[in-house]
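Note sheet for the following structure.
We just call them A, B and C in the order they show up, numbering each chain from 1.
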Amino acid sequence: MNPSAASSKSTLKQQWQEFWFYFSVSKTAVAGLVFLVLVVLMALFADVISPHEPAEQYRQFAKLPPAWKEGGQMQFFLGTDYAGRDMLSRIIHGSRLSLLAGAIVVVLSLSVGVFLGLVAGYRGGWLETTIMRVMDTIMAVPGLLLALVLVAILGPGLLNAMVAIAITYTPYFVRLTRASTLSELNRDYVTASKMTGASSTRLMFVSILPNCMAPVIVQGTLSFSTAILDTAALGFLGMGAQAPTPEWGTLIAENRDLILNAPWTVTFPGIAILLAVLAINLVGDGLRDALDPKLKRS
Amino acid sequence: MSEQLINARDLHKYYSIKSGYLQPSKNLKALAGASFELYAGKTLAVVGESGCGKSTLARLLTMIEQPTSGQLSIDGIDVAITTDKSIKKQLRQSIQMVFQDPFGSLNPRQKIGNIIQEPLIINTDLSTNERHQKVLEMMELVGLRKEHFQRYPHMFSGGQRQRVAIARALILKPKVVVLDEPVSALDVSIQAQVINLLIELQQELGLAYVFISHDLSVVRHIADEILVMYLGKPVEQGPSEVIFNNPKHPYTQALLSATPSTNINTKRQRIKLIGELPSPINPPTGCAFNPRCQHAHKSCKISEPIMETYGESQAACLALDEGRI
Amino acid sequence: MALLEITNLTVEFATATGSLRAVDGINLSVDEREILAIVGESGSGKSVAMLALMGLLPWTAKVSADSMLFDGQDLLGMNDKQRRKIIGKDISMIFQEPMTSLNPCFTVGYQITEVLCQHFGGKRRSYNNRAIELLNQVGIPAAESRLNSYPHQLSGGMCQRVMIAMMIACQPKLLIADEPTTALDVTIQAQILELLIELQKNHGMALVLITHDMAVVAETAERVVVLYAGQQVEQRKAEKLFKNPKHPYSEALLNALPERAQDKLLNAIPGVVPGQMDRPQGCLFSPRCSYAQEVCRQEPPKLKDGILCHFPLSQPKAISVESE
């Protein structure tokens, strides 16, 4: 059998240790990570920790201010919206959708983008030109505008919004991957694999791809936060998640009119978006510093 | 008489370099006529500086690229003619390469064990266990330990990485190994270890080596035959001892005299070469070496010399032909 | 008084797996107009020591020394601003990779005149003549036209010459050359080494040559310091070192050279340089030393007459190279 699986575990452990050492140098990155973990936990256990059902309307308690203000009540800690639904519960459940939206967008755009980038960089020629020009065209249109157009064609809804946003992010992954592929293509280890008879597929996906992933991971993390923002924006415009889905952007949209009378209904979802995006960006920065092999350390 | 493994006749390799939209492409003569034979158990050293064509030669021998003209047969099979896939596969297994940069030649994201077994995965039908067995055997042969199987290249020193590269090159049991500056990037004490390993492996497995290097002290120790190249052309060729004791071509003489030595007793007559190595895109007319040669004459700027035999070696030099040196 | 005086220099790096001691208590002194070679292999700390002197190490490094005096000034206690006045002007350094040492975005002329501007003030154009003079000194043909060349238009040897021109522009008292010829071809290497020695003589500079190539040392240096695993193991006049090395490592290093091999196999030194994890308790070279005795494995040796060894060699088994 393989030489010690124990040594395999130990090298894995070593790698994590080394990664964590460089990641934890940035205190803000660690803070971001902690917050992100809390948000994920909150999303996972939303049913358990949220005090009320997000769709449950308490008509008699409509437009209640937060608990610490005059007129507020402890059972509706962050107040209620125009239909008497508990803000806190809606925000907690909203985290699920926002995180899901971010994750799906990133997975879609990353997988398609990396594949196209690899193929473009490896093959070159007309295939590369075609792919890159299509990507250039996508990038020439402002992202949100393009997403709006796509959603208008596909029809409003959270899923369509995610697909539309994913399409607008794909070019960035294609560019990154193509750049990495081009620089790795000339390395000796690729030549060595070619010499032993490796097929193009093997060269692309087994040899080159793992070496392109570091900048892609960082871009993916940062796209995650932008995706949440864009999903919220589409939701705000009424083209994303539809009411009464408690997506953060939609929450702001449906309570738009109350911005002067009941500002807490738009402020808290807004703060939730801000903090989540900030946390992800901090983590992304930390990842980039930790994964960058060019940073001379010793 | 041992088996003839490589027979190269007048190999040329030209590249077309674009020089602007409306201008005709220029020809880069990376390799302009190399001929040699290589036998089992022997080492041919290809010596020269930047732009001499030694890396191009390595790429031609390992069939990464096809020669523009000339004949090349490896293990009796003519490389240019063969289109049969299975014969090509067999050829690939006959000749493998070890690269110069011990880090760049190993995939940083693959474990050592996987790097070494990759040729087996691609070319054989062995089961996972059988492959692992072969890899472990090979690792032991090159001086690596079992637990290294699971480690990544960056956890190793330069010398150990080069051992991995050698293990990978040998796993398919080739007959010829092309070594492109295999020890140039290593420390002296590690160089010695790796060179010893190469010598031992050659004796044990009957390998033939094409040893490309600019380090003449290493070459002197390990080579049986030497091919000296300058700007894509061979300038001198012959048995190692003959070349080192009695270099005939002015470039070979300059190269030998420029090589520093720790023997500070002998005050050598340093042959000072002036000027830089010319660009292969715009080579000098006539003999490529003439701008820097102390024996250059009018004729050297006009005609290109051809390889002639002088005693036990061959050299391409007009001054020699005309009896000026 | 020596131009450069370093005592007990130690450099430690903070890494994921603990502290890495790259330089361990070395002493160096360089006199004016002297050529000193620092020899060592990877992990010997030779480059790190000089980078520490110049203040060019990354943030993970911790530098400590008893004293680091240049021309009487204390380098250790200096702040960055004071240090910048000296670095590039009185102490200069050239590096291994000439193609990447020059800024690819600026012309050669710009880079040379920038150095002069930095240290002497004034307009850059006024230094053009000086730049041409420097390029001539380092042997670049058609110097005037070269001022407008970019680094990528020059060969490796030319780039190194430009680098040297930049570094001698301010007439430094000390020039540190970190493996200046390792990336160059043999014939170009010979030219560059000759240039360095000629400049050293003409300008009266001290030259510190860092290299792993013993042959280069033999042909250029007056005095040699041999480093192993961050420690200084031998310090002697070059001639004496090559005839009679006193430290087992120096001897082993010389014997490992191909030109000193007696039969088919070279005299390789078994084992590897100790890394972070496997530092021996006693002498760092003891696991690989053919003369090692029990005390060598148990106790670290003390520096005696510039040799770090319990039993310095008196009758070394150095193999002499046959004269031709």
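Observations, loosely collected:
To be clear about the criterion, a residue touches a chain if its C-beta (ideal position, glycine included) is under 8 Å from a C-beta of that chain, and two chains touch if they have at least 3 such contacts.
All figures in this text were calculated on a predicted structure; none of them were measured in a lab.
Interface comparison, A-C versus B-C: the pair with the greater number of contacting C-beta pairs is B-C.
Relative to the C-alpha centre of subunit C, the farthest chain centre belongs to A. With centres taken as mean Cα positions, subunit B sits 50 Å from subunit A. Between the CA-based centres of subunit A and subunit C the separation comes to 49 Å, rounded to the whole angstrom.
Centroid to centroid, with C-alpha atoms defining each point, subunit B and subunit C lie 31 Å apart. Shown for subunit C are the residues that touch two or more other chains, of which there are none.
The residues of subunit B lying in touch with subunit C in their complex are 49-50, 157-160, 187-193, 195-196, 199-200, 214, 216-218, 220-222, 254-255, 258-266, 270, 272-273, 275-277. Listing the residues of subunit A that touch subunit C in their complex gives 14, 17-18, 20-22, 296-298. The touching residues of subunit B, when paired with subunit A in their complex, are 62-64, 89, 92, 96-97, 99-101, 104-110, 113, 118-119, 122-123, 129, 132, 136, 146-147, 149-152, 155, 165, 168, 172. Here subunit C touches subunit B in the complex through residues 41-42, 141, 155-158, 185-191, 193-194, 212-219, 238-239, 242, 252-254, 256-261, 264-270, 272-273, 320-324, going by the rule given at the top. Residue ranges on subunit A touching subunit B, taken from their complex, read 1-4, 7-8, 11, 15, 187-189, 191-199, 202, 207, 210-211.
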